[in-house]
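Alright, structures below, take your time with them.
Below, chain A partners chain B and then partners chain C, in two separate complexes.
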Partner chain A sequence: MKHSLWVLSLAAVLPFTASAQDASREAREIIEAVNARNDGAYVSRDATFELTDRRGITRVEKTTGYRKYFGDEKRTVIFYTEPSNVRGTGFLTWDYPDIDAEDDQWLYLPALGKVRRISASDRGDYFLGTDLTYEEIKKENKIEIDDYNFSLLGESEVDGAAVVEIEAIPVNETVARELGYSRIVLSIDPQIQMSRHSEYWDVNGNRLKTIHNGNIEQIDGIWTVTEVNVINHKTDHRTRLLFENIDYETEVPDRTFNRQMLERGLR
Partner chain B sequence: MQSNKVFSRLIRWRWPTLILSLLLFGAMVANAPKLTRDTSSDAFIDSQDPALLNRERVEDIFGLSDPIVVAVVNEGEDGIYNTGSLNLVAWLTDQMMRIENIDPDQVTSLGTESSITGTASGMDVDDFFETLPINESDVERIRNGVDNFPLYQGALVARNGKATVVVGELIDPDLATETYQQIMSLLEEAPVSAGDVLHVTGEGAVAAYLSTYVDNDASRLNPLAAVVITIILLLAFRTLRGTLLPNLIVLMTAGGTIGTMAALGVSFYVITNGLIVCMIGIAVADSVHIFSQYYEEIRKDPMADGRTVTERAMSAMWKPVTLTTLTTMAGFIALAFTTTMPPIYYFGVFGAWSVALAWLFSMTTLPALLSMLKPKQSPSFRAAPAQEATPDNLSARLMDRFGSLVVNQPLAVLIIGIIIAVCASAGAMFVVANEERIDSFREVEPIHIADRTINRLMDGTYYLDVMIETDQAEGLFEPAVLRQIDQTQRYLETLPNVGGSTSIVDYIKRMHQAINEDDPAYYSIPDNKALIAQLFLLYSASGDPADFEEEIDGERRLALIRANVSVNRYQDNAVLVERVTEHLADAYPVAGASATITGDLNVDFHWINGIVRSNLLSIVLCLAAVFIMASLLFRSVVAGMFATIPVSMAVLFVYAVMGVSGIWLGVSTSMFASIAIGLGVDFSIHTLHSMQEKVSAVKGSWNERLVTLYASTGRAQLFNFLAIALGFSVLMTSTVPPLVRFGALVGVAVASAFLAAMTLLPAMALVFKPEFLQQPRVEEK
Partner chain C sequence: MRWMLGVSLLWLGVSAPGQAAEFRGEYQVRATQGLEDGDFRLFEHSLTPEMDLALPGGAHMHAAGRLRYEDRDRFEPGTNNDGDYRSTWSRRHEFSDTAEAELLEFYVDGYLGDTFYRVGKQSIAWGAAIGLEVLDIVNPVTMREFILPDRDERRLALWAVNVEQPIGDWMASFVWLPDTTYEQLPKPGATFAFQTQQPPSGIQWLQADKPDHAIADADTGVQLTTFLSGWDVSLNYLYHYNDRPVIEREEVNGSVTLQPVYYRTHTLGGSLSNAFGDFTIRAEAGYDTQQFFQNGSMEAVSGWSRSPEVSTVFGVDYSGVRDWLISSQLFVSYLPDYQQGMVRERRQDRATFLLRGDLFGHTQTAELLLIHSLDYHDGVFQLAWDYRVRSHVTLRAMLDMPYGDGRGDFGQFHDRDQFSLAVEYSF
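For the complex of A and B:
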């Protein structure tokens, strides 16, 4: 009797296990597709950062920047253009594909007139006072696939587009601590292979933040987010990121990403 | 209408009376479950207090909160710079992040922070705990990192290296006590190494925990006070009814009052516990006097039935009981209208309300029930008729002898009274107005030890803040403003108990040095406005977006200077607040920037200052209320003065005991004098009323007439005094210092009011023979 019950319960569980595995494989495939999305060999663009604090006071910073792939290595430079007293302040980053190699970062303060090397930030650190982390800025709407276990939650709709909801749980606690998350739910639009909306929970499971890609358009044939809204639910701090003058066509010269150019700064 | 007619009618309708009074009680007490507890310390401050509003504004702008602080202390030679202590810090940091009510992103310790080092080519930002410290060189690296970063010294690690802290921000500050207790139990399993000692503190936790600490002990002791009072009643009357019925009146009064508070949405505060004890005392007093008279009537006429005896007892007692009710109410109402603290305001209002309820139930429920019971003599009252030489009862004999002594030497009694009053006044001169929250905990309490230890080793866990406000956005980029902020910090650091200070200037100077190869010459404020703006950007870009909120606002218009202070004591705060206020008035405005003093210490100083200042006024008004009420009731100003003298003595004694034993006049002790007046005035009024009766009713010399009051009213007063004094003395067994003081001082107050009423009033009557005592009783005209 006992034996037959055991068999029965096993029979009941098996189909679920199988379908859960399928769902997880399917989720992973969707993420792979997202990561395979073309984002251009190079791009130049202007970005506006609207940083709003708990009291509703907004600070606006404007930058102009470039990004280019050098093989698997990615180099980025941004210069502040506004407010005027920080105009010309620049950050140059070389991201190496090797996960163990520390990225290189340089800073240029025009009032000092010198380029300074600064040690790389941690992946979970916030990027230039925004509510996005270095990891999120660096990945540009892609996801490091080895960091998470994925599962399929279901289908939904964001801004009128059909999306697939995928839950991402860090593979272990070290990764969770590094990234600052215990759970992410991504709403991915399979049509454009991009997340339209994502929710984040901190390492203790408190609701942390929401990233909403408010405006997505095709520029030079490449799906591009032109407006990002982030709300940190714990601090009530908000970030609105607007991209303009996006250009994937005009080639960005290699020398844009060296220290001399950082020092020469904005022309 | 004559009083006996009122009561004969009431007794005729005793069932409806009883049912109505019980229904009224039921209607009130039904609300009791709605009662909310508010044990927060902010509840003591008027929510419209300018210093509080100012602090709240600053807290809002800079996103400040009271964190919980765990300190690792190692007083060995190398302090916390050993692998054991540092790994303990790592363990604690990790565990703190897992506590539900702690924001894992807002835990700060050596385990989460980085050191910034300027190098020839730039700036290195390295986590102190890049890897867990396993050998000497890791320890050295961490020590050098801290040594090179002035901002961490005294704040994150003790300047002498003997302690370091793990600081956690609470998600819900209202759960501070629970979080504190969670951390305390967490520490039991901490991997401590040789020499490591752990402590937990934090202003929010201390304040919240204090309230629960007091509250728990009071909730435990209040019922015990009721038990003690019951025992006194049993000893006094030696009958079941004389023991149980007063308890019923106490229950109805307390239940009715609590129910009314709940119905009106008033919270149960920490000090409302004091009101419970007062209610017990007040309700018992009315019952004791009515029962004494009841048994007196049975003794005089053992054959009379229950109705008649009750009617006679009530006719005799309704007036003094009503008089004491009105005077006590006057005292409580005066307390309500002179206090600056909401909990004490409600203490006064509901104190008065409970007195009224005790009166109502003593006038209705009690006689209705008594009249239903068959009169039975009390063993304590079995004696020859009153007029005969000496009663056989011990307490009555004692009071009678005491009375003879007083009435035979009235002048001597008065002179002794004056001498004692002069001595008490001298003692009262020593009273010091002071308050220190941590002092409310016993010295052996972990939270007390933690506060003392952490504040001895670190820069201080209490804050005095200065807010700098410039006239336009980015006003903080002005070098002159930053230099003045710097000077203000240097000034703050010269003040007593200030261990250190922080502001945006410290970060700007550190950044300036770091981008210049760590050359100490650059630990300064740049003259170049653009460079300052760029350093601000660098600083803001280096943390999470809400991190730097604690020093500057989003517009770069406001900045906060935070001074770490190691002591939060009223007298010390008074000096700090005065000197900082003076400095700010002299040094600002500068380049369009103004400065305001704020922070917890400033709030604490202002509200305690308000209490201290209003204390004298409160006492004078309470005494005046008693005086006016007694003058009106006895229709004589002289009677008003008579009534006021014993309570004035009680107040004087409370202060004398405080002065001599070094008890500070602070938040809780400030209301003791008013409670002394409220509870003590009963003794004056009963004595006066009884004297009036004896003088007009009894024949013989004034001496002969007055001495008779001792065996009757005097004995009732003795029981009343014993019940209240012993009831309150239960609080002295508490482990909570404020409750011990409360119990002791109210005991002193009641004892001195009782003694003064029983000695000074008859003595004064004999010496001055005032007219009001010779008037026939008013209501019987």
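For the complex of A and C:
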């Protein structure tokens, strides 16, 4: 009798389990497609950060950035151009495809006059006063697939576009603490293989922030976000990120991504 | 006047047809109050305009200057002493005892194929240590305010040629510095005048025997850098004059004279840095083939002794606490040929501790820095707070407290504690 009940229970649960596995596989495939999206072998662009605190005071910072793939390795460099008191600050990342290989990062602060090697383990830290983390700046609308378990939540609509809602849960507590999230819900537009909107919860399960890609357009044939709006619900701090002068056509020299260039600044 | 030539060149650059110049700059007003002597020792306005200009062929010109008005005249009382330490081309222009103009940087750079060049007045910083001198010796510094400002603020740019050439996985940087400018010590009577600069009674102080030939007295060196299995590696060599002179004593017919004299040395060294999780490790070592140290006290200078010097720095940075950096360095200097009677110990140890936090969405930065000599148990304790009120406006507060044994490099200023407030506007 006891044995029969166990078999009956298993028979009842199995279809749901299989269905959940399918949904999880499908969600993972969508994320893989997002990560496989063509974002150009190289790009140069200017970015304006509008940072608004809870009192409504806005600070504006401008940067010029470059990114280039060296095989599967991605190198990114960002130089601050405004305001004058931070001009020259530079941030260089070599992002390796092997998840076990820690990225290499360097920071140049004009006040030090030297390039300083910095730890790459702080990927959940906020990037220089914005509401985006180092990880989000580095991944550029892509997701480190091995950091999360994914599941399909359903379909919805963002800015008039049909999206698929995917829930991402960090694979373990260590990853959750590194990233600063316990849960993310991504609204991914399968037509352009890009998230249009995402919601984040902190490690304690509290709603943390919202990232909305306000404007997405094709530039040089590549789908590109040109406006990002982030609201931190805990601090009421906001970041508006605007990209301009985006160029996927002009090749960026390899030497742009070395320590010497970081020290020299923009030339 | 050389500075007028510089301004003329700038004007010519800006006037070049078809070339767009970019201007920006900072204005700062700062007030400093001595805490122990009650002296309101500094009230300074400084304007530092900068200009960048794109030149034909992908070249680029950069110029930066500073106009400074300092009402109290305590740090450099009277006329400045640039003639004692600076080459003709690197001197400031004094409008009066309290107002001056200085060309801080002025260079042209660009690429010829893979070779990068920068020619003109510039700063070159070597090594991985922060705020300590082992390999960071290419440019001299000003001691106008001792070591209290950041090293980058104290660094004196030099007229130089810097050529960087990739060689396989290495980058070779060749430097040639015909600018005979050296460490600038404050005049006797200045707030941060060194005890050793105070002329003993009855002893005549002679003009420094300073190198002044741009070619024969030029410094030259090479730095090789690479990225090796995750490590940033540099190898360095510099043939140069020591930036601080040795005091030579001469006695003729019962009359004693002291004269600062500069000597050359070869410095060889290297640096390493790497990150491991939340930790970053930095190490740096240098070997000077000869350094000169005076014997006895200033009242009884009996000559000098020569020894090579080995210097090392080992630093660890920890960034495991979000938005905070904890950093510590140990500096060791050792004289292999130590002679009895030298004014310093055979081995000198110093430690630094830095705690810096980026607070309130990086709108505020708080910093605590301690530099401590393990020999004389003296040092400097500093607190700094920056508040970026608006995009272009920053408030700054600083507390500087040298402490310890009066015989020590830091302790000699133990009664010079000060508190500063500054407002900076960038445009």
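Rule of thumb we're sticking to: the second predicted complex is superposed on the first by the 248 of 267 C-alpha atoms of A that agree within 3 Å, B and C clash if a C-alpha of one lies under 4 Å from a C-alpha of the other, contacts with A are read in each partner's own complex, and residues count from 1 in each chain.
Here is the rule we use: contacts are C-beta pairs under 8 Å (C-beta built on N, C-alpha and C of every residue); 3 or more make two chains touch, one makes a residue touch a chain.
Just so it is clear, the structure is predicted and the values come from calculations on it, not from any experiment.
**Student:** When the two structures are superposed on chain A, do chain B and chain C clash or fit side by side?
**Tutor:** They clash.
**Student:** Contacts for A:129 in the overlay, against chain B (first) and chain C (second): which applies, first, second, both or neither?
**Tutor:** Both partners, chain B and chain C.
**Student:** In the superposed arrangement, which partner chain does A:55 touch: chain B (first), chain C (second), both, or neither?
**Tutor:** first
**Student:** Of the partners chain B and chain C, which touch A:237 in the superposed model: first, second, both, neither?
**Tutor:** Both partners, chain B and chain C.
**Student:** With both complexes overlaid on chain A, does A:85 touch chain B (first), chain C (second), both or neither?
**Tutor:** After superposing on A, A:85 lies in contact with both chain B and chain C.
**Student:** For A:107, is the partner it touches chain B (first), chain C (second), both, or none of the two (neither)?
**Tutor:** After superposing on A, A:107 lies in contact with chain B but is clear of chain C.
**Student:** Regarding the shared-chain residue A:93, is it in contact with chain B (first), chain C (second), both, or neither?
**Tutor:** After superposing on A, A:93 lies clear of both chain B and chain C.
**Student:** For A:204, select first, second, both or neither according to whether it touches chain B, chain C, the two together, or no partner.
**Tutor:** After superposition on chain A, A:204 lies in contact with chain B alone.
**Student:** Name the contact category of A:119: first (chain B only), second (chain C only), both, or neither.
**Tutor:** both
**Student:** For A:187, select first, second, both or neither according to whether it touches chain B, chain C, the two together, or no partner.
**Tutor:** Touch status of A:187: no partner.
**Student:** Which of these chain C stretches, 56-64, 128-136 or 218-226, gets into chain B when the structures are overlaid?
**Tutor:** 128-136
**Student:** Counting contacts the way the document defines them, which residues of chain A are shared by the two interfaces, the one with chain B and the one with chain C?
**Tutor:** Touching chain B in the first complex and chain C in the second, residues 51, 53, 57-59, 83, 85, 106, 110-112, 114, 116-119, 121-122, 125-126, 128-129, 235, 237 of chain A appear in both lists.
**Student:** Would you pull the chain C residues touching chain A in the complex into a rising list?
**Tutor:** 24-26, 50, 60, 109-110, 114, 116, 118, 123, 125, 127-128, 130, 136, 150-153, 155, 164, 166, 171, 173, 225, 227, 230, 232, 273-275, 277-280, 282, 317, 319-320, 322-323, 358, 360-363, 388, 390-392, 394, 424, 426-427
**Student:** What does chain B use to touch chain A in their complex?
**Tutor:** Residues in contact with chain A: 60-61, 63, 97-98, 100, 102-105, 119, 121-127, 171, 474, 477, 515-516, 526, 528-531, 533-535, 537-538, 540-541, 543-546, 549, 553-555.
**Student:** In the complex, go through chain A and note every residue touching chain B.
**Tutor:** These residues of chain A touch chain B: 51-55, 57-59, 80, 83, 85-86, 89, 91, 106-107, 109-112, 114-119, 121-122, 125-126, 128-131, 180, 202-204, 206, 208, 232, 234-235, 237, 239.
**Student:** Would you mind writing out the residues of chain A in touch with chain C in their complex?
**Tutor:** Where chain A meets chain C, its residues are 51, 53, 57-61, 82-85, 87, 102, 104-106, 110-114, 116-122, 124-126, 128-129, 235, 237, 255, 258-260, 264, 267.
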